[in-house]
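Let me begin by handing over the structure; questions about it come next.
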Amino acid sequence: MRADPGLLAELVDANRILAGQGVVDAFGHVSVRHNESADHFLLARNMAPGNATTDDILTFGLDGEPIDAEGRSVYLERFIHSEIYRLRPDVVSVVHSHSMSVVPFSVSQSARLRAVCHMGGFLGCDVPNFEIRDVCGAGSDLLIRDGVSGGALARTLGSGAVALMRGHGSTVVGPTLRLAVFRAVYTEVNARVQLQALQLGAVTYLTPEECDAATKGVGSQVDRAWNYWKAQADGPRR
Amino acid sequence: MRADPGLLAELVDANRILAGQGVVDAFGHVSVRHNESADHFLLARNMAPGNATTDDILTFGLDGEPIDAEGRSVYLERFIHSEIYRLRPDVVSVVHSHSMSVVPFSVSQSARLRAVCHMGGFLGCDVPNFEIRDVCGAGSDLLIRDGVSGGALARTLGSGAVALMRGHGSTVVGPTLRLAVFRAVYTEVNARVQLQALQLGAVTYLTPEECDAATKGVGSQVDRAWNYWKAQADGPRR
Amino acid sequence: MRADPGLLAELVDANRILAGQGVVDAFGHVSVRHNESADHFLLARNMAPGNATTDDILTFGLDGEPIDAEGRSVYLERFIHSEIYRLRPDVVSVVHSHSMSVVPFSVSQSARLRAVCHMGGFLGCDVPNFEIRDVCGAGSDLLIRDGVSGGALARTLGSGAVALMRGHGSTVVGPTLRLAVFRAVYTEVNARVQLQALQLGAVTYLTPEECDAATKGVGSQVDRAWNYWKAQADGPRR
Amino acid sequence: MRADPGLLAELVDANRILAGQGVVDAFGHVSVRHNESADHFLLARNMAPGNATTDDILTFGLDGEPIDAEGRSVYLERFIHSEIYRLRPDVVSVVHSHSMSVVPFSVSQSARLRAVCHMGGFLGCDVPNFEIRDVCGAGSDLLIRDGVSGGALARTLGSGAVALMRGHGSTVVGPTLRLAVFRAVYTEVNARVQLQALQLGAVTYLTPEECDAATKGVGSQVDRAWNYWKAQADGPRR
């Protein structure tokens, strides 16, 4: 079982793009399902994603354990990835982050994150919010440290594209690596727009049909964004 | 029919300035009416505007179709441009963007974008908001994919400088390329100021007469801004 | 009458620092009273301040007219500077800007900018807001285009350090060039803090005595900030 | 008594990381207890922290006075550090800053800074706010200029990790230099999230037990953040 070098390179790009766009900082991670085995996925070792290289990518099984770590430390929260891959055969990539404008929605008792602009259509009309207290009680450190809490998060995600995690961040999935990254960026953008719009009063959201249409329509646009963000992550910032 | 090389270079600068000022990112586009034909306009091929070069500029007719694409893909929303050029002989340049502080006004049911500072005088006392549901129903992807929706947007714009597009962004026009770019930047600035001012309570806006005077007064200042923004886009950011 | 080369260099630094700190962009300007004549002041020609060099500095009289422009265009709003120097012999430097967080206070009908943190002590307990309609009627372009409106602004400023200008920006003065720059930066910082604090509910402001003490106490700190901001404007941004 | 060169280098890194992350600008400072004497601490001379080198690090006693300044000027507010080291034997490092999103909580009469996300667990359920008027009256410049006010601040901090300082900023402590820096960054992050969340309505905060667990859980993550922030401070920003 050997990872496609092109996929490895793309996963490194994904790490660097997410850092460049401010979705991840020292924390957060992105994985992709293995090209030769649906029961494995690729994910960096425990490190800031913006610094990852192909040498830092490890292979994990669906139990969340690495098969080639050779002593290198791994992300505590790898079970976010493994449990979602287990429950969602359609998911090819998972992004977990603490991006700044999304966290407020995860702790709000009244506002719910939802699609307010066409780029956020994939969010639909109500993004579920995972409350870890329901699984681990009111004394956890909020981290997904095992398969039990990872499985509960995966069930909260359901068939959707995004789940918030109360007081913590969010997890975004997609049918391709590029689309998962795209969605992670636009989850943050939509949250920022929604935060500001709500300060102006009542808001017109996308209808369910608009969400569906916008989600389909965006497909052909993903590469344009990917290439632009990659150039920004590669080149000198001007 | 040959495009003036100076105009092509200026259109490339416009693309890069709008990216540098954060008005466009991977998405958004800027066009200019052709120097030899009022029935044609110049617009980049389908790409992130910040990366455009003169080789990427295509020529379009007022039906929104390119005449020299030679297989290169084009922006889905080119009909924004074609229909405005058709209805507004005075318009020489069109900018479409999703700039961050403007979108909240496009989805607010109560607040209306309007001139709150002298640099935004061209916005006047009420910026129209295009509701695509009125043309395409409540199940569209919010994009201007044809001449029909483009024409409806152009009619919403009317004789104004800016039209919001609900859940999507805005379109800004001008009698010169530089002035359209200038207005696109200051639409965003005015929106940011207005968002913050509304959080403080009631706001004093510009009167219609102040809007007119500020719009006229700003003419001589456009080159100062253009040259500064161009230097920022060209040079290393310090 | 010859300008001190050290003063010219410091004025260029002031221009670049204000651009680097985001107080000015393509617009805004900073002047200093002439070292050999209290009836003259130094100010860049009409240009984006961040690009100014010593060759761009002109000498103006207290009538607001340049004596050595040699055909170069000058700022429309030079009368802000001339009229303040005329009325305020203690003022050695004037900064005019549209810095982003200050403008909202200039258009708010309820909130008043005032010192909320020790770095903003010089703002005192109520920053005056210049309403140009009182001088030029409700149809002006909001610019200070002559000595009459400049004089009215100077009288609104009174003996203070800062005057807001409704729908436009602010003007900040100081007994030294460095202190005027320092105050312009911290007017923006104080405004940003106050905007956010007001969203949390009632605010504790500095007392008049605290304002006085903080204004005196900050004197020895100005060079620390100046040198840091100058290094940022000079060097590559890391 | 000789400072460990590795500790000196790490203190310089701390200065540069805090500047790079926007916690300090021209103002603010970070100290560490001396490796050979619990009655001494290391702190830069009076300068912008982002420019500090190992040559700029001085040694101070618990009276707040330097023993090796050799005429170099020292921070006015060094008593923040000396008095906390005196009262809190467990504290190894102290960071004082005016970071932007924290100051609004220091002047709010209703909102209290507290842990809203797992990275801010160390904040607990109520961060104390030091009111200097209680010690120095209502006419001070808000600075900690002597041991008396420093001692009062230290008592307000109590056994906690963070104390706000009304109209001024905050002081953050930790059992290691790296953890104090980590906490200073995430105090700002938590404040930004809480500011935005409060604008959406009622907020779910961490429980005391969650705060405790998150504080313990974060220990192993500090080096990941430190190394990432250090690389950002060292390298060219891309």
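Order of writing sets the labels: A, B, C and D. Residues in every chain begin at 1.
As a working rule, a residue touches a chain if its C-beta (ideal position, glycine included) is under 8 Å from a C-beta of that chain, and two chains touch if they have at least 3 such contacts.
The shown structure was predicted, so the numbers you read here are calculated from the model rather than taken from an experiment.
> Quick one: point me to the chain whose Cα centre is farthest from that of subunit D.
Farthest from subunit D by mean C-alpha position: B.
> Shared interface numbers for subunit A and subunit B above half of all numbers used, same, or below, different?
Counting which numbers both chains contribute, under half are shared, so the two copies meet through different residues.
> Which integer distance in Å separates the CA centroid of subunit B from that of subunit C?
Once rounded, the distance between the two centres reads 32 Å.
> Take the average of all CA coordinates in subunit B, do the same for subunit D, and state the distance between these two points in whole angstrom.
Distance between chain centres, rounded to whole Å: 45 Å.
> Which positions in subunit A touch two or more other chains at once?
199, 236-237
> Report the complete set of touching chain pairs.
Between chains, contact exists in these pairs: A-B, A-D, B-C, C-D.
> Help me check something: in the complex, which residues belonging to subunit D touch subunit A?
Per the stated touch rule, the residues are 116-119, 121, 189, 192-193, 196-197, 199-207, 209-210, 212-214, 216-218, 220-221, 224-225, 227-229, 231, 236-238.
> Enumerate the contact residues on subunit D facing subunit C in the complex.
Residues 20, 25-27, 46-48, 50-51, 98, 100-101, 103-105, 107-111, 138-143, 166-169, 195, 198-199, 233-237 of subunit D touch subunit C in their complex.
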